[in-house]
Structures are given as structure tokens and as C-alpha cells.
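Two complexes are shown next, each including chain A; its partner changes from chain B in the first to chain C in the second.
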Partner chain A sequence: MKINNLFVWLKQKPRIAFFMCLPLILMVACLIIYPFFYSIFLATLNKAETKFVGLANFLFLFKRETFWLVVQQSIFFALVAVFFKALIGFIAAHSINELPSKGQRKWRGMLLIPWVIPPALSTLGWWWLFEPTYSALNWLLEKLSVDAIPWLSETFWARFSIILVNIWVGAPFFLIMYLAALKSIPEDLYEAASIDGANYWQKLFFITLPMMKNIISITILFSIIVTFANFDIVRVLTRGGPIDTTHLFATYAFRVGIESGDIPLGAAVSLFMFPVLAVLSFIILRNVRKRTNEV
Partner chain B sequence: MKKVNINRRKFVKGISAVSGYAIAAPYVKTSHSAGKLLLGIWSHWIPGADDNLRIILEKWGEKNGVEVKVDFITSIGNKLLLTAQAESRAQTGHDIFSLPTWYSTMFKHRLDPIDDVVEDIINKHGPLLDSARFYAHLDGHWRGSPAPTGSFFDSFVSRYDLFKEHAGIDLKEIFPAHNNRSEELINNWTYDTFLTAAEKLYNAGKPFGATIGATPDSRWLSALFTAYGAELVNKDGEISVDSDEIREVLEYLKRLTQFMPKSVYAWDDSSNNRWIISGEGSVISNPASAWAVAKRDNPEVSKKLWHHDAPRGPKGRFRPDNSQFWGIWSFAQNKSAAKDLLRYVAEKSVVDSCVEASKGYDIPLIVSHFKNNKTWVEASPPDGVLYNYPMRGDEVPVAPGYPAPPEIASQITTQYIIANLVARITAKDQSIKKGIRWAENELEGIMRG
Partner chain C sequence: MADVEIKDLHKIFDRTEAVRGIDLSIKDKEFVILVGPSGCGKSTVLRMIAGLEEVTEGDIYIGDKLVNDIPPKDRDIAMVFQSYALYPHMTVFENMSFGLRLRKFSKEDIKKRVEEAAKVLGISELLKRRPRQLSGGQRQRVAMGRAIVRNPKVFLFDEPLSNLDAKMRGQMRIEIKRVHQHLKTTTIYVTHDQVEAMTLADRVVVMKDGKIEQIGTPDEIYNFPRTGFVAGFIGSPAMNFIPGNIVKNKNGYSVFINKQISFYLDKEKEKKLEGLDGKDVLLGIRPEHINEKKSEDAIEYDVKIDLVEPLGMETMVYFTINKVQLCGRVSPENNLMSNNKATLNFNKNKFHIIDPKTDKVI
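Right after this comes the complex of A and B.
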């Protein structure tokens, strides 16, 4: 009788849903929530991890020239890379959407390849192309009688290289999200606009973009967070060089925390952008919710 | 089935009987009687060196009734460091762990003092290199014992044919494969002489190549700084980067880098090897691995390589030191066996075997061991190529960041302050004054408590 009651209790929809989600909840709790709070705890300790120092590590970072360089670079890297990823993703999605449905599948598959390959592996391929002394790209340029480009040894080109690779890896994500959004726009909206005499650009600005607003906001938010946290591309291509001019938060945190053994300061570096990104997420998601409610 | 009732009285009686047997039984030594010993050891670059060490360790284990398990962990991608960080934080893992360069300093609060072990080794085999003491003797205690593999010193690796042809310098005459060096020739081998040679070799299309990037191989700059008496932080832990010596060495590097490839600011640890093996370069600063790989991949180049001392600066002649130690974690399960093993791997027969297996790459930290080893004498081609790979003359091994206290020197090294300072001035055209101000700011940062 008691066992029957237990089954009945378990069979209730919300409980089943909870138990089915439990493995994921546990994973998130162990691999995300716990490390997050642990890193906050670490960031409040002194270098030897023996004393609570409150916000001293963050205040200390404010006085470091290299740290501010990292802040500037991370913001520049994230904004430029996300802008181009979104732009290229949008253009590619639009182009594929215009194709007859039979030809769409192979283009979708091909354009997703950069996103599917593990970034550390594909970046290694890029590294061979950019190699400081024996760059394959420079070999080609040489054949065309063009001067070699210092892809990784000069600040401008090193920044260009890491942004280029990030765009190459990340643009397919935008492509697939935007393509899904384009497919969900009712065709009769375009037909009605055509009857009213709307041209291509008017349809784009008054139908396509407004209908895609939510998906654009969410993909940009997601991409900004992921791009700010990028590690592998910089680690493989430049290791933060030359002269620390390509370090991002993650690579600098690794340098300070793991390589130099100052775990509390490394934790402080990695948490630095959290409040900014949290506020940004809050604003974007609030707007998305508002628009959804309006619809 | 009959039910057996066990009351308190019967239980105590049974336990007493079993304990009595256990105490009275004769002690039988089995292969596991001294327990298990887990080792996390740096994986060697040279093929075969790990297998040789594994056999040595397992044979010792069999002889002493210890079950030895060795994990060779690569340092590629910082895997060794990440493993050390993880074990140190989790306080579980191996018993003995490899400690290259600054690991003893970084993990000293998690390493057992092993003064008794190192003192025994010194008493039996003689002194260690001074630089070994600098790395591993911390706060009055030894935290690391000389490792049988992995220690090396970056000698100059030069194309003697190109030096002779383009710079008019006979390196084989200055650094012969025997102990009778000419004092006059040696004294003339200075950084000024090297600068002149570097210019000539550059003009001949075969430049000197060494990284000025954020990578361990940039330690050649530390030896150069020390040769000029240029200290970022002095031995008392005070910032001393704003000095005439620093200005002098930076001026020198401004001149030298004109004759180096521009790509050195992005080089990694393998770039200089490729540079010399490809035949494009004339000289690098490296252990014997470049020659060993050239022997396999480009034998014509390997036949023209020569290992030799660094040039002398105003304050002496220094060679970049990359010592490696083995330490015992404070949470190790089998400390007595671990200590015995550390003593054993310092034996000359073990060290000689490891040097041979590494094809001469490893240089022991025990002075008497590297003074008497035939591997470097017999290596060829060309005959005598490795004779001067271990220090034979007045060169002094120097740890990067020296003479700053180890805690600070380790941070100077791992945050690549010297390479970044040099790159700012030579690549970014920053003024020396501004570069020094940047270095002061960074050094203040790494000295925080």
C-alpha cells in the first residue's frame, strides 16, 4: 500500500520532470555553481591563501597596467569579433535561405564545419598558417611577390589573427540560429509587403529584422559571454604575446593563477567581468521577455 | 539451518584469538610488504629515456619489496603543472612528484622537507650546483632532491662552419673537445665579440635566433642580464630595475635584435630548434636536443653543430639553468620508501644510465656526476660536439630572476617580465625609461603578500 502511494507520488508530472532534470541539475551544481562560488571564495584570499582579504585582490588589479591592457583587449576582441560573427552569420543565413531547399542542406553542412571541429584543433591548423617563421600564408604571399606579414609577432597582426580565427569558428553559430529564425517568419508577411510594393530593403528592415530581434539579442548576448571567456584560440596562437597584447581575461587568469601560482589573483581576474556581463544579460533578457509579452 | 548466536563474550574471545595469531605469526616479506609508491614524473623529450627510467625504478621496487607505479606526465600544454596544481589542492595523488625549476617554490607549503635525504646525497656524492640550492633550499629546508632526468642548461649551439666562414671565429679552437682551453681565446669570447659576429652572420643571411616571447626558452635573456649585472630585484627582495646595468643591457639588446629575425617575438620553445635544424640559423641557445633531432632530420646540419659556452659580460659568464628535482608531497602515503628512492636515484650508476638514455640531454645537478661522464665526450658527429655541453670552464649556471629571492624570481620567470621588458624596448620602440617604469609596476605587483 505504501509502495503504491510512493509510485502515485512519483508519477505526478512536476515530480517526474524534476527527477528527469536531476542529473542535469546535479551536473550544473557540481561543475558550474560550486566552482563559481569557490572561485569567489578564492578571490577573497591572500596570495598564500591563508587570510581573508575581502576585495583587496580586485583593488590591487585596478593598479596594474597590464591588467587594464587585458581589460581593453578583451572588450575590443569581444566587440569586434561578435560584430563580424553576427554580420557574416546574418549574410550567410540570408544567402542560404534564398537558395532552393534542395541545395540548402549541403551549404548548411559545409558552413557548420568550423563550429563543429574542436577549436583547439582547428586553431592548431591556423597556427601552421600563421607560424612565425615558416608561415604557409607567407609562403603563398612570397610566391605572389608580396612581403611576408608578421601574423603573430606584431601587435596589430596578432590581434587581427586571433579575431579572424574567432570569427571563423563562431560565425556558423550565428548562421544556424539566424537561419532557424528566418525559417520561422511567416511567408505571408512578405507576400503582403510585396503586394504593398515593398522593395528588398524595406522587407529586410521592416519585416525580417523586427521578427528576428529576439534571436539576434540572445545570440549576441550568448556570443559576447563566450567570446569574453575565450581561451583556446589565444593560448594556441599567441599565448598572450607579443608583449601581452593579445591576452584576454581567461589567458591572463591562467598566466597569473596557474602558471605563476597566484590562484586568488587569477580567480579575481576571471571574475572581473562577471558583474558587467550579469547586468548586460539582465538588460537583454528583460527586453526579450518584454517583446515576447507584447507579441 | 542452525542459527548461530554471537554474544559479546564470544565476539571478544574470537577477536583475541585472531589478534594472537596475527602477532605470533612469522613476518613474511612479500613484493608488497613495503607498500605502494606512486610517482608522477616529467615525461622526457628524448625517445627511450622514459623507458630506461621506468626499468630502473621498477627494478629498485622489486629489490626492495615496493610496488612502484610511474606515471610519465608531459609538460606540453602545461599538463605537468596542472597535475601538480590539482594534486596540491586536492591533497591526494602521487607520493613523489617531478619539480622542474620553480615548482619547489610554488608548492613548498605542500612538500615535505627532505633535509636528511639531500644531506645524505651531498655527504656521499659531493656538492650540488649552487643554482640547485637556490631553487630547492627554501626557508632553511630542502624541498626537492636532484632528479635523475630533466635537468639541463642552455649552451650556445652554433654552426661552426658559418662562424668561421662569415665571422672569422673558430669555435672549435676556442672551445675544444678537451680541457686545455686557451685562456686568451676564452677571454676574447665576450658579448661584444658576439654582437660583431651576429651582425656578420645576419648580413650573410644566417642570423642568431632566440625567442623574446612569453615562453620558457626566453631564459637566455636572464643569463645575459646576469652577465651585465642587471638585476630586476636584488637579493634582499628590493626592486632594483632602475639601474645603469639594466640600461646598459637593454642598449646592448637594442643593437643585437637588429641582427635577429623579427619573428622572435612570437617564437615558442620549438622555434629555435627548427631555426637551426632547417639550416637557416647560425646559432641558438638550447640544450642538446636540437643537435639530436638534427642528427635524425637533417644530418648534414648536425655534423656542423658545436655546443659551447655563452659569451662573457662585464660581470661574468652565465648559462641559463633549468634544474629539475623530485619532491615528496606532504600527503604522500609512503614517505619512507619515497625517501629511500630519492637517495637511490642520486647514485652515479643511475644518473649515468639516464644521461646515456637521454643522449646527453640531461645534466646532473651533482657536480661529481657530470664531471665524469663519457656520454658527452663520445657523442658525434662531429667528434666532440657535446663535450662543452656541460659546463667545462668559468660559466656559472644561473636561474632566471636571480638574485631575487626564489618566491620573487619564480614570478619574474613565470610572468616573463624580462622578455616583455626587452620586447617593449626592442620591438615596440618604447623608451628605456618607460620600459623600466612598466617593469617596476609589474614587480610591485608580483611582490604582494
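Right after this comes the complex of A and C.
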């Protein structure tokens, strides 16, 4: 009888729904909510984690030049990388869309490869290309009688290389999103536009871009979040060097917290990402909801 | 305003030939409708006139200008699409003025033209809305408005009414006719709906398998079809086709269907009938020529009615002769019922004799 009652109790829809979501809720709680609050707690401790120091860690960071450098670098890195990813993704999507449908699959598959390989591994491959002693790129430059480039050891080139690899990894995501958006634009809009008198560029500006506006903005916002929080590329290529000039929030937090052993300070660094990401996520979610309502 | 001249037009897609030699001259201000079953190449012809498809072979002239290699925007045409193809991110005003803005018309001129067209079409209150806030009929009007404002030489319509419900289709048909009477722009209109073809056109072009079957006024096409295909395609319910024979004797040629239905043919037709003696033919007769009215030209025939379809102002009756189902059109006052016997009159002057080998009407 008791088991029977349990089944009746379970049969109500909201309860069933809750239990079906429970594994995910537990996972989010363990891997996101708990660490988040724990890092807030950590950030208020002293280095030895023995004493509550309030906001002292944050105030300390404000006084550090390196910290402000990291802030600037993270913003610069995210904006430049996302801009080029979006641009290249758009051009590539357009080019593929112009191909006859037979060839499209092949190109789409090949161009997706950078995005599918785990970035830590592919970045290692790039590191070999950049690597000072046996750099394949420099070997090529030498053959062309151009001076070798200190890819990872000079601030400008190190930043350049990191952004380059990030674009290489991330552009296919834009490509695939834009391609889907392009395919959803009805062909007869372009036909109507050609009869209305639009040339190629006018069709691009008056038809294609406005029709893709939503996808473009969501993809860019999403990519800013992912790029802003990037860790592996910098970690593998430069470890933040030379002299901290390629650190991002995530790698700097790792350096301060794990490598230098000041976990509370590292937690404080990583918490600075939170407001930026929270605002962006909020905008995305609102955007998605608005689009859903429109449909 | 311009006439349109099409000479020996061909279109080959990959390996299928969609259009196989079309010759058509359309006079200035004329309303011409291309009609035919799906896949007959009518839309392809229209799209070639618009410049949306390349011409494989042949010439298209708009006015006196050969336009084969001229892009759509320079052909001075406007097109209304089946899907309306309105720009979803633009308001009705922006949709209608897009072509004018690209052509650098002045702001005042654009405003004037759009408002004028909107007035003609009765959509003045909708100018600030977006397409998604409009009903099907309203969208169709906006699509027409976009075509009208440019005041082009030729209007092209590609099945403009097929996405509308029956009632709205009737309304828009009248609207299109009204607009054409008002503007008198040369119009080429593609449809698979023979009612649209009959009601709107000055001339109808019936197409089949990439070729023209017949060109003529709606009246000619309906009353004097030149092929069995045209006879069967135009008219609803469709023409009845009964297998029969041509028999020659000393009094001339006669048609024989069965013992009750056989009759002599006019002397004028005899020449054309030479060689058909004893051959099988198809006899086409429209439902309205099988009715209850007695007359000199009528052949009486007793039938058992299989099915009755009352339509209010008339009643369709279905019955069988020689195992072929036929349809007649009678007045509802007769109160004919299914499974009843009835005497129907076939108007012998209204039979079309079709040679089944060539599909030609004799």
C-alpha cells in the first residue's frame, strides 16, 4: 500500500518534472553555484586562509598595475578577436553559400575542423609553429628571405599570435551560425530586390544584414563571453608572458591563485569577470526571449 | 508602357528542357495570362522575362529593346511573387518605396507615389505596419503596391493569388482587374487556375510541356479549343470525353457513339475528316451542353443517374455511357435524384471531335 501511495504522489506532473530535472539541478549546484559562493567566501580571506579580511583583496588588486593591464588586455583581446571571428565567419559563410550545393558539405566540414578539435591540443600545434627554436613559420619566412619573427617573446607578436589562434578556433562557430541564418533567408527576397534595382552590396546591406541581425547579435554576445573567459590558448602559448603582457582574467587568476599560492587573491581576480559576463548573459537571454515572443 | 516580344524561347535546366520554343507577342496595355498545369514552364517563361533566369536560346524584347543580357533592375519591369516576397524588416511604406529609394527618387516624389498607390489599393492606413502584422490579402496588396509605385513598362505576376483563401482570391481578382483598367500597364500573369485565366485575361496562353498549346481570347479558348488538352484543361467541371467512331456513308460523315447517340456532321467539316473513316475519335462535350432542355440540335438519351451534386443555382448530374463517367449540368427545378432514370439532351453542335493520335480538335 505504501509503495502505491508513493506512485500516486509521484504521478503529479510538477513533481515528475522536478525529479526529472533533479540530476541537472544537482550538477549545476555542485559545479556552478557552490564554487561561485565558495570563491566569494575565499576572496574575503587572507593568503593563509586563516582570517577574514573583507574587501582587502579587491582593494589590493586595484593598486596593482598588473591587474589593470590584465583588465585592458582582456577587453582588447575579446573585442578584437570577436570582431575578426565575426567578420571572417561572415565572409566564409557567404562564400560557402554561393557555392553549388554539392560542394557546400565538403567545405563546411573542413572549415569546422578548428572548432571541433579540443583547443588545448590544437593550440599545442600552433605552439610548434610559433616556437622560437624550431618555428615552422620562421623557417618559411627565412626561405622567403624575411627576418624571423619573435612570435611569442615580444609583446606585440605574442598578443597577435594569441588573437590569431583564438580567431582560428572560434571563426567556424560564426561560420556555422551565419550559414544557417543565410539559408533561412528566402531566395525570392533577393529576386524582388534585384527587380527593385538593388546591386550586390545593396542586397547585402538592405536584405542580408537586417535579416541576420538577431543571429549576428546573439552570436557576438555569446562569443564575447567565451572569448573573455578564455584560458587554454594563453596558457599553452605564452603562459601570460612576456612579462604579463598577454594575461587574461582567467590565466592571471590561475597564476596568482595556483602558481603563486595566493588562492584568495586568485579568487578575487576571477570574480572580476562575473559582472561583465552577467551583464552580457542578461542581454542575451532578453534577446532570446524577445525573439521567441516574436515567433 | 511597352509591348513584349518573345521569339523561339528555350530554357534548359541541367538536362531537362523546361521551355521548348515559345513565340509570343504581347501588345502594349494587354493583359496576357500564361496558364497550364504545374511543370509546364509558364513560371520559367515569366522569370526569363523578368531576368531572374538566363535565356538558353531565343530572344526577349521589351519595347524595342533586346533584354536577354540586361539585368532585371534595368528592364523596367515589376514583379509580384506568389510568396509576396515582402521585406519582413521593413514597414509597408519602406517596402513600397525600396525600389524608388534605390533609384534615388526625391523624398517628396517617393512619398507622393507611395501614398497614391496606397490609396488605389486601399492600404493607406497600413503604411507604418510591418508585413507580419498584415493578413494575406493585405500583403498581396502591398506587393502590388510595390510594383505600382515604380510605374514600370511591364507588370509580371507569378501565381499571385494561390496563397490566399477562396474568398480573398475572388476579391483580389477584381482588385487586379481594377488596377489594370486604371493603369493600363502591359501585364503578364502566370497561374494554374483557369478561373483566373478566364476572368482576368485579354488573351490566354495555354501551355503544356514547355510549349504553347493555344493562344486566344478567353472566349476562343473556351469555345474553340484547338487541342484535347486545352479542351480538358479549361472549364470546370471539366469537359466530358466519350470514345466514338467516325463513319462514312452515302450521306456524308457521321459520328457514332452508340445506337442512340450518333449524328451527321456539318458538310464544312468533311474535308478535315478525310482519312478518319472508321477510326476511333474522342468526342468532347462540356457539361452545360448536356442538360434537360429540348431543342432541334439535341439528341435525347435515357440515362440512369449515378450521382447528383446540387450547387444551388444549378445541379451537376453524373452518369455513365460506354463505361465512361460523364457530367451534365441541369436546372435544380428538375429534382433529379441519384439512381433515378432521366432523359438528358446532348447538344450535337457542341461536340468537339478530337483525333486521339494527334490530340488535335478537328
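Keep this in mind: the second predicted complex is superposed on the first by the 258 of 295 C-alpha atoms of A that agree within 3 Å, B and C clash if a C-alpha of one lies under 4 Å from a C-alpha of the other, contacts with A are read in each partner's own complex, and residues count from 1 in each chain.
As a working rule, contacts are C-beta pairs under 8 Å (C-beta built on N, C-alpha and C of every residue); 3 or more make two chains touch, one makes a residue touch a chain.
All values reported here derive from a predicted model rather than from experimental measurement.
Undergrad: Tell me the contact category for A:T66 with respect to chain B and chain C: first, second, both or neither.
TA: First partner only, chain B.
Undergrad: So in the superposed three-chain picture, is A:E142 touching just chain B, just chain C, both, or none of them (first/second/both/neither)?
TA: neither
Undergrad: After superposition on the shared chain, which partner residues are touched by A:V256: those of chain B (first), chain C (second), both, or neither?
TA: first
Undergrad: Could you look at A:I195 and tell me whether it touches chain B, chain C, both or neither (first, second, both, neither)?
TA: In the superposed model, A:I195 contacts chain C only, not chain B.
Undergrad: Touching A:I243 in the superposition: chain B (first), chain C (second), both, neither?
TA: Touch partner of A:I243: chain B, not chain C.
Undergrad: In the superposed arrangement, does A:P210 touch chain B (first), chain C (second), both or neither?
TA: Second partner only.
Undergrad: Once the shared chain is lined up, is A:P150 touching chain B (first), chain C (second), both, or neither of them?
TA: So A:P150 only meets chain B here.
Undergrad: Using the superposition described at the top, list the residues of chain A that contact chain B and also contact chain C.
TA: In chain A, nothing is touched by chain B and also by chain C.
Undergrad: Write out the stretch or stretches of chain C touching chain A in their complex.
TA: The touching residues are 50-52, 71-73, 77-79, 81, 83, 85-90, 98-99, 102-103, 146, 150.
Undergrad: Of all residues in chain B, which touch chain A in the complex?
TA: 78, 81-82, 85, 106-107, 109, 213-215, 261-268, 271, 274-275, 278, 280, 410-411, 414-415, 420, 423-424, 427-428, 438, 441-442, 445-446, 448-449
Undergrad: Given the complex with chain B, which residues does chain A contribute to the contact?
TA: 46-48, 60, 63-66, 132-134, 150-155, 158, 238-244, 255-256, 258-263
Undergrad: Which residues of chain A touch chain C in their complex?
TA: Listed in rising order, the residues are 186, 188-189, 191-199, 202, 206-207, 210-211, 213.
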